[in-house]
Amino acid sequence: MTAALQLSDLHKSYGKAQIIRGVDLAIKAGERHAIIGPNGAGKSTLFNLITRRMAPSAGHVALHGKDLNGLAPYEVTRMGLSRSFQISNVFHRLSVFENVRCALLWSMGYRYSFWNLMDRAPALTEAADAIIAQINLTKRREMAAGFLSYAEQRALEIGLTIAGGANVILLDEPTAGMSNTETDYIVELIRKVTEGKTLIVVEHDMRVVFNLADRISVLVYGQIVATGTPEEVRANPKVQEAYLGTAMAGGH
Amino acid sequence: MMLDVQDLHAYYGKSHVLQGVNLNIQEGEIVALLGRNGVGRSTTCKAIIGEVPPQGSVTFRGQQIAGKKAYDIARLGLGYVPENRDIFPGLTTRQNLILGLKPGQKDGHGRWSLETMFDMFENLGNRADTEASVLSGGEKQMLTICRTLMGDPDLIMIDEPTEGLAPQMVQKVAAVLKEIAKRGISTLLVEQKLDIAMDISDRVYVMGHGRVVFEGTPAELKGRNDIRKEWLEV
Amino acid sequence: MTETMQSATATHRFGISLRAALPWIIAAFVLLILPFVFDAKSSITVMNQMAITIIFALAYNMLLGQGGMLSFGHAVFMGLGGVAAVHMMRYVEIMGLPIPLPLLPLFGGIAGFLLACVIGSFSTRHAGTVFAMISLGVGELIAACSLIFVAFFGGEAGVSADRTYGLPVFGVEFFTQTEVYYLIATWLLISALLMYLYTRTPVGRMANAVRDNPERAEFLGYSARWVRFYSFIFSGFFAGIAGGLFAINYEIMTTESLTLVQSGRILLITFLGGVGYFCGPIIGAIVFTLLNTVLSRYTDLGTLYIGLLFVLTVMYFPGGLAGLLMMHEPVRRMRRLHLLLRPYLLGLVPFLVTILGCAALLELLFHTRHAMPGQSEMGLFGVRFDSHAILPWVIVTVATLAGILALRALAPALKDAWHDANTVQGDGA
Amino acid sequence: MDLFLVNIIDGLVTGLLLFMLSAGLTLIFSMMGVLNFAHASFYMLGAYFGYQISQYMGFWIGLLIAPLLVGTMGAVVERYGLRRVHQYGHVAELIFTFGLALLIEEAVQFFWGKSQVAYFVPQALNFPLFAISGNAVPAYKVFMIFISIGIFAGLLIVLTRTRVGMVIQAALSYPRTVEALGHNVPLVFMCVFGVGSALAGVAGVIAGPVLGTFPGMAFVLGSIVFVTIVIGGLGSLWGALFSSLLIGWITTFAAAYNVHFADLLLAVGINPPAEMATSPWRDFWSLTLSQVGPILPYLLMVLVLIFRPDGLFRKRGL
Amino acid sequence: DTIKIAFIDPLSGPFAATGENALHLFQYAAEAIVNDAGGVLDGDTFEIVPLDNKISATESLIHLQTAIDDGVRFIIQGQSSGVASALLDAINKHNRRNPDDQVLFLNYAAVDPALTSSLCSFWHFSFDANSDLKMSALTDVIAESPDLTSAYLINQDYSFGKAVSATANQLLAEKRPDITIAGDEFHPIGQVKDFTPYARKIVSSGADFVITGNWGADMFGLGTALIANGFTGPIYTYYASGSGITAGFGESGKGSLFVISEGLTNPPPTEEGAAYIDGFHAAYPGENFLLVRTSNVIRMLAAAIDEAGTATDVQAVATALEGMEMDGPFGGTLYMRADNHQLIQDVHILAHTDEGVTNTFDGSPFGLIAENTVSAAGMDTPTTCEMDRP
């Protein structure tokens, strides 16, 4: 079986600055994979390369065995890949409901249709409301997304990402800015909606990472220094030194 | 007394977000402001710095600052690190830092300089001349903190400084905050991560429903399960 | 923001309800009886003009309001649509094609649509300033070409044709303005309805989303460029329809209908009405056309007043006239409009006095400066007097000052009333 | 060849005149993000003020005072108008300046009438400085060249040696945050707008006597200045200079040489239609380069935007 | 009663100055010639209704419709032949469809010859000598100046400019086949900011005279650029006077600027003419007394209305105008040709000068003095007009 996502010898550099320096990674379908690493290691850049937000300097990304080079982000998205952003990236002037509904449109087959009226598609409305309920924003349903508080925007960000029902989901620090209890809730939610799907998550909160991930990769300075189960990674001295710091290694 | 906030109210349009906040900060003190998402902690900071029109009394070193313009307040020595990072796009890391300097202020004349910043966070030094909007999330976080420090404030309000930082970096920031306090700078820390906040702050306030519902030392808060249940957890 | 409100109420009902159809039925009825209410020839002339402007403004707002694309060259589509319609009119006449006149605007629409396809293919790649400047450049290019390519555009004199070329439709030959009125009104109703429905479709909605955040839209599966392109070509189509109607109404298309001036005008009209609302451009077109007609008839300072109107609108009512009306929507829903009635009525008189007083001062000033010696008599609001005498100045100044003072005195009460009307009893958050 | 040289000089002067206008607009449009359609109106005000002052105190005093007046007016407009409108976004600002342009034109007509006013080149500079094979180059043109260079150098210094540029740029995205760092953003905006307007005023005083001072002078230049700064790349002073000169030369040379498209068509082997008078293609056969000259800048802009949306000079490359 | 006459011409925008001046001339003519003399018919007065068309054809048609709806029966227009032909087309259609409220078009300045030939209409009267007639007068004069050998033609790129160029080519070839055409060029109307490159081209082409139909800013720009860049030969123009142009040229235009136009005002040949000019200057101080034909329009219209005995049946008025003949107070005889509705009058070549000028322009000491006169210009040129008569 081909991997859900296969990165081979991926490079990215800006001028002289090499950000991603040869990443090889295969993620099986249905796997929950976490990527951790110090700030500026290139995690978000990796996401950007996978989702074609930017083109790699060299190397390939394959989704379900299909090479993504040369595709536009929306084409990748249509292949069933969905991502969230580290810094909330929502439709500021649209209401929470509209935001979520937009996220559902393509996957529900509406495409560029100008012969359907959305008001007359109950399934759409119901699906959107269900997502809003899941991310606990029902009370803010009609509020413009730009007016939400920071954490509420983060929740909406996750809502947009999971709405389309993609089978490969990339989350970039989904719980940043959330309180502990919020975090627990969101982790549960993520676990629930990604059941049977492929998940890749970048996170600095180790509770989340160890809680959620089947396997973990550690990215340091643009290279993967370790990949393995949570236990393996935690025990890896290289990882402790480069990332977790001594304090964390013993914890949890 | 550095900062004294009495009966502070603030509105967004019709919604009454702050409903009488009282808090104060002494010289060299680190004070944490805790609370659930959306209770109005960020709004409190914004009201103090004047980004949101405040109603009530805010005194900084005995001087009333409620109603003053944000830039005048900042020039009095109050620094604010916003939660959204607000990195200025189109400018490089270095230029972003330079903008932290007050008008007329020269680099290296205050407690901090570009040098010290780059030493402290070498990520920033490596990317000094990169356009700042492409920095990684964590780097941006460091940059905002440093940018405000460049203005050499006597009191700094930091909104979620550790958000998006790797564990190592979190410890680094905590150390920096302690260092800041050592240099006699007071800090108002808005933090989500309880453990860190409890660890480094001298006193904590807990907010709920637009008011302060608890005030005390971290140790006291640890002992108050009821408060934590009701106001800090869902 | 009304968009969200509308969808909020709409989403709970599916299927066509009477309530949703009611505004359209009323509109159709109003359009039907208008010529009987205002039966003067000149009012029909104005109404035709208004209806055409409404279609154009609605089409323009598909770009600006819905899609966030600021265009400085939209007149090109209307102009080309018109020119195409005129040529079609001539061919039909010469060749005796069996195309009845009422279908002619369709050709204008198609011409606008095709041109939009060509231009949109490269201009919609970007939004923001780049789009705006491409539209400016393309607009100027085509406008300039229209002067150079006389064979198609007719040069300075333009191209003209005769709408009464035969083929009477149910006996109507479109000799009179009234007949043309009903033709235009029908097209207005159809176009407006289609454009309204477009805002309710998935692409129409995505146009909003792309306006706000094109990048995120791409990560939801939509190509921002294609979404913009759809808005662009449909907008071009309806602008072309407006052009076709224009051609029928005036039977001539000249090159200046393609220029920057026309494009700027439609931008102003749309903004005046309010870009955030579907009915905004309609209000804008009606008010602007009326104002233009009235002002050009009664004063030399028309442009000055219009300039002032725009400056003041943008400063105090950035949502446009529709925004001003919509401010009252929450109050209306709470059924508390009556609370505002009294203060509004009270304020109306001093308000009018102030406005008219200022206008009168300007007129006086203008007259004293520009009147010929010995011709110091001027007429204002139906009164004739000597502008060089001191009395009219005193009267006008005193009236204006009184108006201003009265307004200031009434302002607190008005504010309170507004506050009262807007606060819900017993509401916490 | 001599004519070529003369055209180079003429084009240079035209380009530099355009630069004086676009320098102010670059400052305003690219830094403050304001699509200021009233910019050319400030230019017109400069010309009229210059004219009025020169009636009493001569050209040179006018050159000194008129820009100051225009700059002050610009600052006032920013303070009491634009600042309010700024929060509603670019379209609102644009409409505001549109309305303002209308008002200024009306005001000018009110005070100075609808005809061209008699504003002339000062006597001191009204002589041919030198001649190239019979083609005189007036001293005034050389004077214009020097003024433009001066303005360019001055702006370059202000923008590179001070923090003003950075403050404005930062304030475009996060004004509140910039204020919270201690910068008086409103004041900076007001000053920049004032200076930008004053520059337009200088251009007006200088161009008024050569290009004519009449109420339509603003409209004539209204959109070409936008074209200039867009081609150059928003925010780039060098870009503005480069594209001004480019446009100056393009328009001058297009007008200076009689190139017929018919020759081109023949050269590529297309035969003229038999019935020229009724052929739908007849316009192509009578087309000349000087006819299309004025639209070349627009064509250039569209091409530049399609292939290099940031303009010829990269963004922010002062 | 008042008889309303709509004046549809630019009163704002770049061409406002000439439009406003013309409006005042008409308003004065209506007062001085008709109203102060007791009106027409039994005391009906003229009222000029100004309608600003911003020199746009479309805007003009909008005004035309409103004017007709308001009961206006006479339309005056002149600035730009493009607008004139659009108006004419609309008026033809209107009169055909609405026999009850037909209107007449009195054109005082649009001189594209097509208006009185291929486009000619029963409802249209041209009171200015059309550009062919003017060119024919001009070429008569040129034919007698043997030292002129090389011509440069430069015109605005639109119907009128093209007409000027075409006729100049044709007539010069007929009358002076020895003259070479050094250049024959069109520039976009109202778009050229700086005429220096054109001037350089003209100077270096070696032409010794220039013919141009340019008007407004295009005239001023071209003229000043020519003189500033060392052109010394005569510049023959249609419209180089008033609206700031005369003052703008001042001393520099002396001896090189010539205008082809009608009417003698320096001095006026009759007492009546002199009094009329004085009256105008008293009523509109500081304004130019140009466009003598404005008085002809009003005078002939008044006479036609009186003759027809009606101001509402414009068909009768038109018939009265056809073939009308009268002596104007500014010299020569006015004769309205019936076959093409072109007014036949004396055409002069006027020189820009400050010597012996009483009717000065733009507050400067300069004005126009006749150097050559062609009387009843074009009286017997054949016409290609095939007029549909109702």
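We just call them A, B, C, D and E in the order they show up, numbering each chain from 1.
The definition used in the following text is that a contact is a pair of C-beta atoms (placed from the backbone, for glycine too) under 8 Å apart; a residue touches a chain by one contact, two chains touch by 3 or more.
Source: prediction; values computed, not measured.
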Checklist entry - Any chains in contact with both subunit A and subunit E? => result C
Checklist entry - For the chain pairs B-D and A-C, which is connected through the larger number of C-beta pairs in contact? => result A-C
Item to check | Centre-of-Cα separation between subunit D and subunit C, whole angstrom | outcome: 31
Checklist entry - When the C-alpha atoms of subunit A and subunit D are each averaged to a single point, how far apart are the two points in Å? => result 48
Checklist entry - Can you give the whole-Å distance between the Cα centres of subunit B and subunit E? => result 76
Checklist entry - What positions in subunit E touch 2 or more of the other chains? => result 12, 157, 188, 191
Checklist outcome for this item: subunit A residues touching 2+ other chains are none
Next on the checklist: Show the residues in subunit C shared as contacts by 2 or more other chains, in ascending order.
Outcome noted: 144, 148, 303
Checklist entry - How about subunit D: which of its residues touch subunit E in the complex? => result 3, 6-7, 10, 14, 109, 113-118, 134-136, 138, 210-212, 214-216, 219-221, 251-253, 255-258, 288, 290-291, 293-294
Checklist entry - In their complex, what parts of subunit D are in touch with subunit B? => result 163, 166-167, 169-170, 173-174, 176-185, 315-316
Item to check | List of subunit B residues in touch with subunit D within their complex | outcome: 49-51, 69-71, 73-75, 80, 82, 86, 88-91, 95-96, 98-103, 147-148, 151
Item to check | Sites on subunit C touched by subunit A in the complex | outcome: 1, 3-5, 7-8, 10-11, 13-15, 197-198, 200-206, 208-209, 211-213, 215-223, 226-227, 230, 234
Checklist outcome for this item: The subunit E residues in contact with subunit C across the complex are 11-12, 24, 51-52, 56-58, 61-62, 65-66, 68-70, 80-83, 85-86, 89-90, 93, 97, 157-159, 188-189, 191, 282-285
